[in-house]
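Below you will find the structure I want to go over with you.
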Amino acid sequence: MKIGFFVTCLVDLMRPRIGFAAIRLLEAAGCTVEVPMTQTCCGQPGYNSGDRASARALAFKVLEEFEAFDYVVAPSGSCAGMIRVHYPDLFRDEPALLARIQALGARTFELTDFLVNVAKLEGVPGRFDGTVTYHDSCAGLRELGVQDQPRALLARTGAELREMTESTTCCGFGGTFSIKFGDISARLADDKCVNACATGAEAIVGGDLGCLLNIEGRLRRRGDETTRVLHVAEVLAGEDGQPARREP
Amino acid sequence: MEVASPRFKARAAHKLADPALQKALTRVKIKFVPARAQAAADFGDFEALREAGRAIRDRALADLDLWLERFEREATARGAVVHWARDAAEANAIVLAIARENGVRKAAKSKSMVSEECALNDALEGAGIEVIETDLGEYILQLNHEPPSHIVAPVIHKNKEEIADLFEEKHHRPRQTGIAELCREAREILRPHFLSADMGISGANFVVAETGSTVILTNEGNGRLVTTLPRIHVAITGIEKVVPTLEDLSVLLRLLPRSATGQTITNYVSVNTGTRGEGESDGPQQFHIILLDNGRTRVLHSELREMLACIRCGACMNHCPVYQAVGGHAYGWVYPGPMGAILTPLYVGLENALDLPHAATLCGQCSAVCPVKIPLPDLMRKLREQQVERRLRPAAERRGLKLWAWVARHPRLYALGTRLAVRYLRWLADETGRIRVLGLAPEWTSGRDFPAPEPRTFRERWQAGERPGAQPGARP
Amino acid sequence: MNARELILGRVCAALNRDAAADAAARRGVDAHLDARAVGPQPAVTDDLVETFMQCAAALSSTVERVASADEVPARVAAWLQAHGLPAQAVGWTGPAALDWAAAGIALEVRPPRADDLAGITGAFCAIADTGTLMLLSGADTPAAASLLPETHVAVVPRARLVAHMEDAWRLLRAEAGRLPRAVNFVSGPSRTADIEQTVTLGAHGPYRVHVVLVG
């Protein structure tokens, strides 16, 4: 299986190790992974800000970059959801392109969804001998049905999952929402931190870096210096910054 | 009602800092959310019910003109008078004319969001007619000269102590503090008004084309009283509320209370058809039904038509994290929460509610619980697009978006930009790897740190040949 | 152009109506009205009585069963007494045919007044699925009797129990042909949760609803 890996703009900019971890997992599942170097962003910031023209231009760019692969995988439910669920809306009046976009969307997956349901990954490279709580990011959950997949994979690392209350409630990130309505956004992040910390878990794990930066940012501002905030790929690949935990 | 929506941000900040309100708002999560979840689970295939509800609303909207004509014919045949109002002013003028013709001095009202849209109370009071809100929540608000903050639980923002103070001040009775005692007091105060009102005013949750009936759902019984006792009943509702048959109505009656409060049925469902019959001792002698447009035909004609399927249950606001945090008053008009983020700009003008379509994280929880499956986040996004098309967004935002999109289409430039951004952000970060103040996004760092990026972008490392499993920093 | 024509004109414009589309739409509307398709319903067991009693109790009605109508006045008298309520009531013509005086209840058949303490009514039918009474207004069945008094007692024959609301509509169409001025579905005592979302019984209508199921 030839995978076109969609790094996502946030992982590229902020947390490259998540990208490497995700590729390691895909390779562990027997996939051949390529990373098209001209990729930038899926266009969601423009789309959600009402700038259809910009979003469409970037969607077309993604189409050309990724159309040749068997699958497109992103370490983000938000970006994968943009491609699969929202791209068709951008081409609704262009039948020829719409068919290509829909075909691309049908082959586009969020990482854990792909590992469980397409690649059928059995063992995961990482070990995590601690407690985690999982935050369900909105787009992955409600647009792509990502909920059981990351939990099933996490269980294979040896991690003990402690569910927080309202794990499916938005953390308040919302892309540009977080910088337009900072006080509301921070308040929602605060609720998320309270719920997550109440589990006593060592790490808050999620599948979307935007949410994780939001949660981590609020956690540190609250003075919590110890609770770790990790992308699910980091935990699964054993690349959570504690290499001793990785199985040889 | 005055439109305060342009001040959403400031109002929201004020609400976030109000401890009493914050305590009150926890009841949305504690009461409504689990109640709806339980009711949906108990029903069995609630998804099929939602699909059926949506299909009925779509059916009604697809032939709205014919259903309305049919409704008018049936209602008229039963002695009701059907009035059509283009806007709020016309609706108010119709009610006033009816009141004048019949020498009405007092009107008793049951809860009606459409009448809030019209500011009907102000119009009637301006003409010297006494108006009494009789829904307990609306009555409390009327005493305190406040608008509702929720479409189903209008006074959810208040606690019982505030209400006790208000009753003591306005009723001149000894202060009660128990909720049951406060309810009893309101009952005793309001009962004489039902008996002495010349006119009863209600909304209509639905109107039924097949029978020419108006339907109201209430728990308190005030809706029954205002439609049973006064000699004149005026029902005011939007043209979109029509449903074809009683069977269709039955489906929506299953959806609405379950979605709103988790009830299987509201205490009273009243289906009113025509005027008092031969030999009857109660029921109005005149029944006026006002069908209000007020922007609805414009919405029907637009890409936001789906919003007219709304049955006003309030589930979207109950489940909205933003509503749960700031409450209904922040939204600044009649309809709060996700429905308000869409209805307000549609009905009062896009330019008068610029923030509202953006005041949501697009988390999708609202559409996940909407009984008629309205894709509310998609509709908010369409309004955002309309704002961009009409150049209503701030110039800096427009320029920023264009610049971002342009750079993102030029990978080399983009790569350079991200390299520089990483260096800059790391320069801003303190020794613990976090940024306390981010000039580019001050709203982020007002309540959160911004974690610093890793030293090099993914692209830099990948292009340098780094692959998974290699030692960090190792180069081939 | 008056408001009616203007609004309907705007609706037609929004729906792209032309003569051909209009004719087809009218046929579609008629077909929909004729079909009266029934949507998804909650499952109810065959035992409608049990379902009704459970659902009515869940909404704070009280329900008791009696074998025959003759027993009703005495049982209602006992219930009133047990709740410390006076043995007087305003009532509908139907239940008034029973011998209430023998049970010590002063039942008056007249238009209800605000100071009536109890209202005794029948019901057109009762709906098991939600524990609901379906009351029709009429010359002998004033709507206020189930609304103004603090206590509402309804006498319902077992044979008038149906599963769902759609069954009630069918029964109404068959027996009355058209809707009365008011169809009131009553599901327990009036209530409000407006203050702190705390349910309180007895808002503007009855504080208690007692259903006597006969047969």
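The letters A, B and C name the chains in turn, as written, and every chain counts its residues from 1.
The rule is short, and it goes like this: a residue touches a chain if its C-beta (ideal position, glycine included) is under 8 Å from a C-beta of that chain, and two chains touch if they have at least 3 such contacts.
The structure displayed is predicted, hence computed values, not measured ones.
J.: Hey, which chain ends up farthest from chain C, C-alpha centres compared?
T.: Of all chains, A has its centre farthest from that of chain C.
J.: Suppose every chain is reduced to the average of its Cα atoms; which one is closest to the average of all protein Cα atoms?
T.: When every chain is reduced to its C-alpha mean, the one closest to the whole-protein mean is B.
J.: Between chain A and chain B, tell me the centre distance in angstrom, where each centre is the average of that chain's C-alpha atoms.
T.: The mean C-alpha positions of chain A and chain B differ by 32 Å.
J.: Taking each chain's centre as the mean position of its Cα atoms, how many Å separate chain A from chain C?
T.: Chain centres of chain A and chain C, defined by C-alpha means, are spaced 53 Å apart.
J.: Please tell me the distance, in whole Å, between the geometric centres of chain B and chain C computed from their C-alpha atoms.
T.: Centres of chain B and chain C (C-alpha means) sit 29 Å apart.
J.: Mind pulling up the chain A residues that touch chain B in the complex?
T.: Per the touch definition, chain A meets chain B at residues 7, 9, 11-17, 19-21, 23-24, 27, 35, 37-41, 43, 45-55, 57-58, 61, 89, 138-139, 142-143, 168-170, 172-191, 213-214, 216-218, 220-221, 225, 237, 239.
J.: Contact residues on chain B for chain A in the complex?
T.: 9, 12-13, 16, 321-322, 325-326, 358-365, 368, 378, 381, 383-389, 393, 397, 401-402, 404-405, 407-409, 411, 414, 418, 421-422, 432, 434, 441-451, 453-454, 456-459, 461-463, 466-469, 472
J.: Mind listing the chain C positions that touch chain B in their complex?
T.: Contacts found on chain C: 2-4, 6-8, 10-15, 17, 25-26, 28-29, 32-33, 36-43, 55, 58-59, 111-112, 114, 129-130, 132, 137-139, 142-144, 147, 164-166, 169, 178-198, 200, 202-206.
J.: Help me check something: in the complex, which residues belonging to chain B touch chain C?
T.: 24, 27, 30-32, 42-45, 48-49, 52-53, 56, 59, 62-70, 83-86, 90, 134-137, 140, 153-156, 158-160, 163, 179-180, 182-184, 187, 190-191, 194-195, 209-211, 213, 219-222, 224-225, 227-229, 239, 244-248, 250-251, 253-254, 261, 264-283, 291, 293, 297-298, 300-301, 305
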